[in-house]
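Would you mind keeping the following structure in view while I ask a few things?
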Amino acid sequence: MQQADGTKLFFASDYQEGAHPAILRRLVETNLEKTAGYGFDPYTESARAKIREACQSPEAEVFLLVGGTQTNATVIDALLCPWQGAVAAETGHIAVHEAGAIELGGHKVLTVPQTEGKMTAEALEKAFSGYWADENREHMVMPGLVYLSQPTEYGTLYSLKELEGIRALCDRYDAALYVDGARLAYALAASENDVTLADLGRLCDAFYIGGTKCGALFGEAVVFPGRRKAPHFFTVVKQHGALLAKGRIAGIQFDTLFTDGLYEAAGRNAVEAANRIRAALRERGIPLALETPTNQIFVSLDDDQLRRLSDRVAMDYWERTPEGRTVMRIATSWATAEEDVDRLIACL
Amino acid sequence: MQQADGTKLFFASDYQEGAHPAILRRLVETNLEKTAGYGFDPYTESARAKIREACQSPEAEVFLLVGGTQTNATVIDALLCPWQGAVAAETGHIAVHEAGAIELGGHKVLTVPQTEGKMTAEALEKAFSGYWADENREHMVMPGLVYLSQPTEYGTLYSLKELEGIRALCDRYDAALYVDGARLAYALAASENDVTLADLGRLCDAFYIGGTKCGALFGEAVVFPGRRKAPHFFTVVKQHGALLAKGRIAGIQFDTLFTDGLYEAAGRNAVEAANRIRAALRERGIPLALETPTNQIFVSLDDDQLRRLSDRVAMDYWERTPEGRTVMRIATSWATAEEDVDRLIACL
Amino acid sequence: MQQADGTKLFFASDYQEGAHPAILRRLVETNLEKTAGYGFDPYTESARAKIREACQSPEAEVFLLVGGTQTNATVIDALLCPWQGAVAAETGHIAVHEAGAIELGGHKVLTVPQTEGKMTAEALEKAFSGYWADENREHMVMPGLVYLSQPTEYGTLYSLKELEGIRALCDRYDAALYVDGARLAYALAASENDVTLADLGRLCDAFYIGGTKCGALFGEAVVFPGRRKAPHFFTVVKQHGALLAKGRIAGIQFDTLFTDGLYEAAGRNAVEAANRIRAALRERGIPLALETPTNQIFVSLDDDQLRRLSDRVAMDYWERTPEGRTVMRIATSWATAEEDVDRLIACL
Amino acid sequence: MQQADGTKLFFASDYQEGAHPAILRRLVETNLEKTAGYGFDPYTESARAKIREACQSPEAEVFLLVGGTQTNATVIDALLCPWQGAVAAETGHIAVHEAGAIELGGHKVLTVPQTEGKMTAEALEKAFSGYWADENREHMVMPGLVYLSQPTEYGTLYSLKELEGIRALCDRYDAALYVDGARLAYALAASENDVTLADLGRLCDAFYIGGTKCGALFGEAVVFPGRRKAPHFFTVVKQHGALLAKGRIAGIQFDTLFTDGLYEAAGRNAVEAANRIRAALRERGIPLALETPTNQIFVSLDDDQLRRLSDRVAMDYWERTPEGRTVMRIATSWATAEEDVDRLIACL
């Protein structure tokens, strides 16, 4: 929770600035126009159309919500039956860092083991087949949905093949697949990524395209490509306190992000900056705690390195290793300036 | 749900524009500064300080949330015990127009009769004393909080004396008083109003100062003046999906609204415009369905008047009377331009 | 909350004794048999078969739960979608006397006016058509189910024609019809009653046959005749804490009640006793507050009568009238002895 | 889910019979007495007094509920604040086998690793200290209560020293300690057990004394010894659908179980039978999957043994081991007859 005071470089998170200047420009230009509320405005309609096209999902229903926890709680509640739970990695955001928002809606989060933030097909298969083979399963919570985030909490990526495997598993067990894309721009821009928006449109029952961490003031675009309906989702959104009166504020933001490749550019800026930092770390022999291809870098520091670097760079504390090193997270974003990367590298 | 198409005047709601230009200006100026998230930034801190001062509540805890339904659900859940319900007018927003958001949190809305949107002290007294005198009350939902909005759904106002009476009732029955100020700027600016922010700070357990309908892009400032604590409210906010990652976006807005009297000015613009329209209606003999001192005008039209006016002015449908007239709502706002009022009056 | 002390006659409620002796006899006879749990025992299966036959609903699914509030909360949660609420009379049990159990499950109770505990078709029509005609209905709770009890809280009865009218309304609005039969035996035995179990099987989406107040130690038999499925209801029952480990204890009770006309006989005993008391009251010119054909008698007493009768008879306080009289409820049951009725009449 | 058909011995569960004959006798004797409902009867009062004495907790509040899942959901909801969760072993009943009943009440179950069904002090310490040391803890669910069962799901026991250690941990972290005693009689009767009812009264914020599996038709006695209050618990019970109208039916059962040492005797019968079976298994060299001192025996069988034994004895399937053996649960109870144990041993 550090503030910019002019003395430190800031790499603590990817939500420390405002919005891409193009977004603010559009907000200013359209400010005194009068439109209908609750997403029934032309900007939201335009954003919807562009998102449908980007996902190659012409039938998709698109809704613009405000934040990630809210979106997860609302979509999961809309896709699950009351007797079902959501399956997530034990490190998944809904399992650990959402203050019980899913449970407030009455649903259990069923956790499975993970490696580098990812669930394997085997772990998922075990969770589902274990439930369905158990003769006492009617006393248990039915796994009704697979939740994963792309990239994961650890900045790693599911490959297209892995995602197709999870889709096949969902089909076998009649479960929904829901992908949390809070940082989706940074997945899309990673060189090792092979999962496109169109793939998500083809494979998911629902996913969201993150705005808050990818260049917007706030906002997450929920896409239901058409496999499953979320009936009366507008009302469910309202019931969850997630309906914006001035829906156009989100509409204008996503309309801008999906114009002239801004969303892709936002992702690229962050990943290129992260790649430069990773290269510099490797060069200096400072180990990474985890190899990640996206905008989050998990660097493993000894106490001396930690002290010196922390003096000059705001990073996010991640964990202490058994070997007595400290893992810090360095996050880049759509807003990371090249000069700041230069300066960070100089500090290493 | 009408759009501006250049052919019609727009008086359908008070959330049809963006934000006060001063707010956008500040967002642009601060855009690339780096700050901590979740409300731990200097703009939010400054907004909190200014709101505490405006409410003359130096000990108040202030939180900035996104929208009205969300704020009501979160605050009510935070103030009530699990076995308690919220008492509201049968026309209250939480009783009718929040899609069951309060019930999603497990609480019943206990309704009492209303007149022009307001609950009388007698009706409230009856609800509370009825519960406490009932020997089967432990089978019932305990009234634990009085919810009212200032102004009400019908644009009417509670007087200071009425509010003090309700506070006394809450004290007698150990209940919380919570005031929904979605349109509070328009109450504060009404000439007949005698309830100040300081009065709310003195009388309420919690209230919120509406931003969304009073000049902000979005945002509601919740104030707990100090009578009751809402422990771990930050977590409760997160659990309700109401926590903004970039808290400063709300902080900058409220900081601006509470600088140089902008919030008061926003209210005044709307009320002065509404007063001019009301005067013109009276002059032309077009009856009001309800006498209101704030920014909402409820005009009663015959079919001919309705047809002619609707052709040129976007209004909000309210209800059909038994006498065959139609009540339409004309809403002014912080953004209503004098020329538009002139044009509307010319249409009458 | 009065105890039997040998000095007073007891007419305070219809759940003040244990169970019909035939039930206890069967419990004793079968006590040490070993059976599977959770309702997978032969007694529960037999009870199900008999109930299906009595309701002429060969396809019905039947579940045995423990108590009324629990049954209402579980069935309503199973039949409603998350964005829907239950419509009930403003005096309905779920609206007033269930401590918020329906809201705990996330559903709003939408109330309509009543007369003598009954909702008119007009009041229901107004609630449903009002919702569906409202252009802002997606901001509101959708009425998804009509809840009524037979007999009502006031001991009155819906006629077959009234029930058919409500069924037609439910069909028009795609809503479920759910009948709470906590005291159903006393409705079935009333001479003015024309609604049979087969009619309930034909008209309802779900109803329950009350055991607790009609001769059992506890237990309510939920019947889903087949119009709507309640998928995974077993799990929903468990989730609501309503699953009996030793399901057979409920099974044996309903098997016994539905053997040799015991349920009908239980009802008849209560209604005949009540009819004798009503006749004696009329004879003595003591007014009834309400004409009821079932096992509950609402007698209106002046202070003198109240004092004298209360000394000798335990009754249930109902309300104080504006005219200064007191309405007391006298309840008979399956267990009411003829001699006690004689003695009560002698006291009048 | 096997039925008794006269051809098989029955050791599948401890809830396959009715109730201890003394209980049925008392139900028959008192059957036509008239008492107040909802637990305000003299039998419930007497049961409460005897339980207070047995627990040496003269100030305890005692409530009689119906079943285990219901009791867990209700007590946990009563003891937790909305932002808190319950910590349980990953094999704990509330974590796996209650169909999401805790989550329906809005609370997360936070799991910790276990050994033989038990949580170590270290695992608990790690869960609590991990939360309190995490600077992002306000985004997470606060651990507010430790849930454990005595005996555990695996029939093992916490020692007094272990329980005192957990109490000390709860004190350090201001958490409640709640013990699920569904099979408490079988813990109390185990020779290795050193935790008495008085110890539970001294150490717990709440615990329940199981009736359903320990000789009653149904019923669980919740004890709040006095460390923490559960305000308006009567209403919370009603809200959870857990309130018995004829409360005395539970009262008579617990009054009987706590008269003349019946509860202890019920436990002893089961444990002695189990001990004889365990001795016979050891003698024959049939391995136990787990050493347990209570009424549940987990026997590890090869395919041939499984086939032969299953032909003659109803057991409960537990799991398949990686080595290709099958673990079956043999459960004894208060009702297990000596001859049946003889016959089972003869089958081995």
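As written, the chains take the letters A, B, C and D, and residue 1 is the first residue of each chain.
The criterion applied here is as follows: contacts are C-beta pairs under 8 Å (C-beta built on N, C-alpha and C of every residue); 3 or more make two chains touch, one makes a residue touch a chain.
The structure displayed is predicted, hence computed values, not measured ones.
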Practice problem: Using the touch rule from the top, work out which pair, B-C or A-B, shares more C-beta pairs. | Solution: A-B
Exercise. Please name the chain that ends up farthest from chain D once chain centres are defined by their CA atoms averaged.
Key: B
Self-check item: Between chain C and chain A, distance of the C-alpha-averaged centres to the nearest whole Å
Solution: 50
Self-check item: Centre distance in Å when chain B and chain C are each reduced to the mean of their C-alpha atoms
Solution: 42
Quiz item: Quick one: chain A and chain B, Cα centre-to-centre, how many Å?
Solution: 33
Practice problem: List, in ascending order, every residue of chain A touching at least 2 other chains. | Solution: 1, 83, 98-100, 104-106, 138-140, 235-236, 238-239
Practice problem: For this assembly, give the contact graph shape among line, ring, star, complete and other. | Solution: complete
Quiz item: If you look only at chain A, which of its residues touch chain C in the complex?
Solution: 77-78, 81-83, 105-106, 138-140, 142, 231-232, 234-236, 238-239
Quiz item: Taking the complex as given, what residues does chain A use to touch chain B?
Solution: 1-4, 10, 12-13, 15-19, 21, 24, 27-28, 30-38, 40-42, 66-71, 73-74, 98-101, 104-105, 212-213, 217-218, 235-236, 238-246, 248-249, 335
Exercise. Using the touch definition up top, name the residues of chain D that touch chain A in the complex.
Key: 1, 83, 85, 96-100, 103-104, 106-109, 111, 135-136, 138-141, 317
